[in-house]
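Some structures to go through are shown next.
Same chain, two partners: chain A is paired with chain B first, then with chain C.
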Partner chain A sequence: MLDQARTRWHPIAAAHDLPLRHVFHGQLLGREFAVWRADDGYVNVWENRCLHRGVRLSIGINDGRELKCQYHGWRYSNRTAGCTYIPAHPADAPARTITNRTFPAVERYGLVWSATDEPQGEVPEVAGLAEGEFLGLRGIPVNAPADRVVARLRGYSFQPSGRIDGNDAEIAVEAAGDFSVALRAREGGAETLAVFFVQPVDSNRSVIRGVLNSDAEGAARLAVLRHHNERLSKLRDAIEQEAAQAPAPEPIAPQFERLPAELAEMPELTAHGRKAALRVQVARKWQAADGIAGFELKPLSGLLPTFQPGAHIDVHMPNGEIRQYSIANGPGESDRYVIGVKLERDSKGGSVCMHESVREGDVLAISEPRNNFPLRRDAVKTIFVAGGIGVTPLLAMAQALHHQELAHEFHYFTQGESQLAFRDRLDGLKGTLVPHLGLDPEATGAKLREILSVYKFGMHLYLCGPGPMLETARKIAAEAGWPEGAVHFEYFKNTNKIDDSSSFEVALARSCMTLKVPAGKTILEVMREAGIDMPSSCEQGACGTCLATVIEGEPDHQDVYLNDAERKSGTKIMTCVSRAKSARLVLDL
Partner chain B sequence: MQQSRCTDPVILNLWHPLAALVDMQPGVVFDTVLLEERVSYAHDGQGEAAAWRSFAGLPAGAAVEIDQLVETLPVKVAYGYLWTSLGTPGELFPIPEFAEADRRKLNAATLGVNVSAPRAIENFLDMGHFPYVHTDILGAEPHTEVKEYDVEISVERDEILATRCRFYQPKASTVSTEGADVDYVYRVPHPYCSVLYKSSPADESRLDVIAIFLQPIDQEHVRAHMMLCVLDDENEDKIIKRFQQTIFGQDKPILENQFPKRLPLDPRAETPIRADKSAIAYRRWLSQKGVTYGVIPAAT
Partner chain C sequence: MITLYDYELSGNCYKLRLLMSILGIDYKTVPVDFYPGREHKSDWFLRLNPLGQLPVIDDDGFVLRDAQAILVYLASKYDASGTWYPRDNPELLGQISQWLAFADGITSTSSAARLHDGMFYDFDIETVRAGAHRLFRILDEHLWFGEQEGRDWLCSADHPTIADIACFPYIMLSEEGGISRQDYPAIRRWCDRVKRIKGFVVMSGVFPAGPAKAA
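Showing the complex of A and B:
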């Protein structure tokens, strides 16, 4: 019977077992769960085990948006259970595939229902029990197998709630199954339907979860609860005595599934090209500021992949253009991606299409989120400098730091108040937001000099905005003593004029392949033609997705992703725009 | 010869700690459990000690003359502890610093933990948990980074060595007020024992030695013996001990909530990160040795 039980829905907790920011330790058929409700109401049922070193997640911390493991502080996102941050390696973005095992969750009759395996059908709906009009009884744990508990429950006797002081109720079994019994008690004109669901915790442990078909108020309610508590406790004692006579069945051995092979090793960059793997619907489109449209993108079905602050998606537009947009979400907001699109009249038409053609309800193709601009959370203080629409990735980062109460300042440069985008999210940052409005380039420089005047060891700076502003800010930071490793930046686009006149040879060390790159073609294009599936996104040297390691040869850098130290080291190259100064380049691919 | 409940020859033939000598009253029988066997032990206060499989005629608390005993187990007194073996033991690993006269040598604690010995060793080797488990003592947010370090399996000495380990400690010593990176060296010279070397606040040129010797009660329970061999002329024993007991008390609930309790050696059982290099080496080393007790061997 327990084998069939695996694909059935069972109650695993009462709704009130999940108070604000608590993690409940549940168990079904020998499998432990960490059950927690996020601040947005979503109930998460996860395997009770951190993927890293097996520590129970039920002793972790529910911060309302993410669950943090107690052992090493790994953070897992609401809904997807994807890992968003690994503190031991603050400069790396965790591979999005590090995802905990999740189980379905449905709330009905004041209970949380789940299943250890893919459940067949829906959560049982009981005739005579109405949502919103029932009374849940205290869960009664019993040291006995579920079938024994169900058998004895058929003989449970109780008074209808309207005649709680009587002692002559007539009991009828209305329905009974392998894990439930419905009883109706009648006395005089009063009658009450009581449905008992028996949760098979383990082979020899169960919980009786009773629900009555009518609620009561005040003292009457208390009397009903007490009545059932006393009678069910007596029944429990009788069942346990009976069960103690029989040999106890072996506990169900917990199963620990093997990880996918790629998670057994330190995660590497995923190898896929510019693919639109996801379909999303525009759930909401609104004016986020003057000239900036906000979009909320929701999945057509299932869950969206986990994102980290700093991540971007490629949006494949109806007019064939592909554009990158940073995700502005805060931590744990995993049911949608929020992006901001600035209208650029004189560009190739991507933003015009988003502003004028895309409407609420439209379906868009997007890539999975990719993070080439990861946020460290080990800074003693983090300074954000956003210019215009460059606010989006930094907003996601600042919301994460704000939620974790890590020190930061958020400097936001725009032409005027009406250009401040995502006001609701900015308001959430409270005191850390410092808007700088209407400054000309000279005044902007002066303000940046002031903001960046003090560097202390352990501080980090994140910049995103128009190219000239980033150049100025990076220069000022360098002059003020900020080391390059503490200055992180993301350009919207590469405004360098790309010189693709050179021709050279590229050797791919791991693929044992030598390719000729002629003038007019990029390394990336030549590799694609040869069947090498290299991930890429913006394909103009700004986003960092197509990064490769150089083993030999001198790169001719033409991107805006690498910083000066990385360029000088000669060990990295953006394959979408950069080329070779030497006749031959050997890449670790 | 009595059949042992542990059938792993690697583990049976090792020396295992039973107790700190300072915790044993001379001439009196004590008993404990080793590898699911009841074992009794005693010493005479003159440097002689004995261990034997317990029998009803000589219960714990009874007086004993150890030279009268027959059918005893191998014994060794080393690093302040009594060691025995249920098999045929070889050499016990060296800790040369223990011979240095100016060091304080203490048993900081003997503590039962509901976990396998290898899980406890991995915890001892791990730096990434300092800010989360030993908050404001061995680490503090936001300083969470585990910097690159080196690990080697020394073939000659048959032990694991992790060097160049550094971790930010909020109060680097009793005299400092500022945080700083503290240096660590870790050795695993025995499947169930590890030795840690750490910058000494008292003498910059030398290292404090802290060792953990795990007595396997069974596959999923240990008694952890914490040995200190430190440079400290100032603090009373109880201050030094209390510090280590606090640290260990913080690790205990984490260890007891790890599942499975035995250490899985299948590389696909758990996700490692670069910071876990020493643990990966340790798991590989146990696999190579063919250890099966206290672990879940990888399917072959």
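Showing the complex of A and C:
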């Protein structure tokens, strides 16, 4: 019986077991769950174990948006259970494979329902129980197998809710199944339907979860709850005595599945370029500021992949263009991606298409989120400097730090008040947001000198904005004593003139391949032609996706992603634009 | 200045550190090597407490033993708000005493199981675990109906009392004695509430809860 039970819906908690900022410790058919409700109301049912060292997540911290493991502080996102931050690797974005196992969750009749395996059909509709008009009883854990509990529940006797003081109710079994019994009590004119669901916790443990078909108020309600609590507790004692006579069945050993194939396997060999793995619908489009359109992208089905602050997606537009946009969401807002698109009249038509052609309800193809601009959360203080639409990645970062109450300042430079984008999100950053409006380049420089005047060990600076502003800010930071490792930046685009006249040889150490890169072709293109599936995104040396490690040879850097120290070290290269000064380059690919 | 004769891993010492932290009382500690040194059975300690039990405090020469008694003393003397041990409220005082006795029951079951598993004490482990589960069932029911009635704490006041502090440590440490709290969701929620009391401190094996949602 328990084998078939795996694909059925079972109650695993009462709705009131999940107050905000609490983690409930559940179990079904031998498998333990960490169950928590995010501040947005979403109920997460996860395998009760941190992917890092196996500690129970039910002792973790529900911060309303993410669940944090008590042991080493790994953070997992609402909905997806994807890891968003690993404190021991503060400068890295966690790999997407670090995603905990999730189970379905549906709330009905004041209970949270789930299943250990893919459930067949819907959560049962119970005749006689109406949503919103029932009374949930206190769950009674019983140390006995579910079938024994169900059998004894058929003989449960209780008074109808209007006649608690009586003692003569007639009880009729209205329905019974493997894991449920519906009983009706009648006395005088009063009658009450009680439906009992028996949750098979383990082979020898169950929980009786009862629901009555009518609610009551005040003292009458408490009297009914106490009436059933008393009688069910007596029944429990009798069942446990009976069960103790029989040898206890072996506990159910939970099956620990391997990672799902799409996470565990190496990507297949393909020669095609940038992939749009996801389809999303434009759920909302609005004017986020003058000249900036906001888009809310929701999945057509299922969940969107986990993102971290600083992540971006490629949007494949109806006109064939591909553009990168940073995700502006705060932590745990995992039901959608929010992006901001600035209208650039002189562009190749990407932003024009987004502004003029894409409408609410349209379906867009996008890539999975990538994070080449990860946020450290171990800074003593973080300074954000945003220019114009460069606000989007920094906004996501600032919301994360704000939620964790980590020290930061958010400097936002725009032409004027009407250009401040995402006002609702900015409002949430009160106290740390400093808008700088209408400053010319000279005044901007002076203001940046002021903001960056004091560097202390452990501070970090994140910059995103137009190229000239970033150049200025990086120069000022360097002059003020900010080490390069503390200055993080992201350019919108690479305005360097790319010189692709050189020709050289690229050896791929892991793939055991030597390729010739002729003038006019990029390393990335040549690798793709040879069947190497190299991820890429902007393909102009700005986003950092196609980064490769250089083992030997001298790179000819033409990107704007690497900082000066990284360039000088000669160990990294952006394969989409950069080339070689030496005749041969050996890459760790 | 108060001196607490203290053992870091003792839940009964921890409940005093907890209350003193909440009340903002300054104190110093004298570590007593309970395990493996059995220093609480040494001559110098038996002179302080002939029962040979931790904790003991010395408040400028006034020496007192027994965790629950010390909670009463500290709250009566040092709690300016008068809420942790409300001396003018007979019903609450009665309830507090009732739960202080319950806390002793938790010590003799849940703490005993932990001593058995962690420090090799000779207890009948099945009996003490069953005893703890019996108490936890009663407590979970009390707290569940409390939530239904709008009561957050052990006693019928709208604020915590030393009763909550007395019961908390060996409930939180029960898993170190092989006593799962999975079947007691109302106890687990109450533990979160205790952890969110201003001034809360942890000990080894007791984890913080993180902030509640701002209203």
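Things worth noting here:
One rule holds in what follows: the second predicted complex is superposed on the first by the 569 of 589 C-alpha atoms of A that agree within 3 Å, B and C clash if a C-alpha of one lies under 4 Å from a C-alpha of the other, contacts with A are read in each partner's own complex, and residues count from 1 in each chain.
The definition used in the following text is that contacts are C-beta pairs under 8 Å (C-beta built on N, C-alpha and C of every residue); 3 or more make two chains touch, one makes a residue touch a chain.
Only a predicted model underlies this, so the values are computations on that prediction, with no experimental measurement involved.
When the two complexes are overlaid on their common chain A, residue A:P483 makes contact with neither chain B nor chain C.
Using the contact criterion defined above for the overlaid structures, shared-chain residue A:H72 touches chain B, although it does not reach chain C.
In the superposed model, A:P518 makes contact with neither chain B nor chain C. Of the two partner chains placed by the overlay, only chain C lies in contact with A:F24; chain B stays clear of it.
Using the contact criterion defined above for the overlaid structures, shared-chain residue A:H16 touches chain C, although it does not reach chain B. Of the two partner chains placed around the shared chain by superposition, neither chain B nor chain C is touched by A:G177. In the superposed pair of complexes, A:I59 makes contact with chain B and with chain C alike.
Of the two partner chains, chain B is the only one touched by A:P87; chain C is not. Of the two partner chains, neither chain B nor chain C is touched by A:G188. Residues 59, 70 of chain A lie in contact with chain B in one complex and with chain C in the other. For chain C in complex with chain A, the touching residues are 141, 144-145, 147-149, 181-183, 185, 188-189, 192, 207-213. Here chain A touches chain C in the complex through residues 13-14, 16-17, 19-22, 24-27, 39, 59, 61-64, 68, 70, 138-139, 141, 207, 221-222, 225-226, 229, 233, going by the rule given at the top.
Touching chain B in their complex are the following residues of chain A: 32, 48-49, 51-56, 59, 70-73, 86-91, 98, 254, 256, 258-261, 263-266, 377-380, 406, 458.
Within the complex formed with chain A, the chain B residues making contact are 122, 128-129, 131-133, 141-146, 253-254, 257-260, 264, 266-275.
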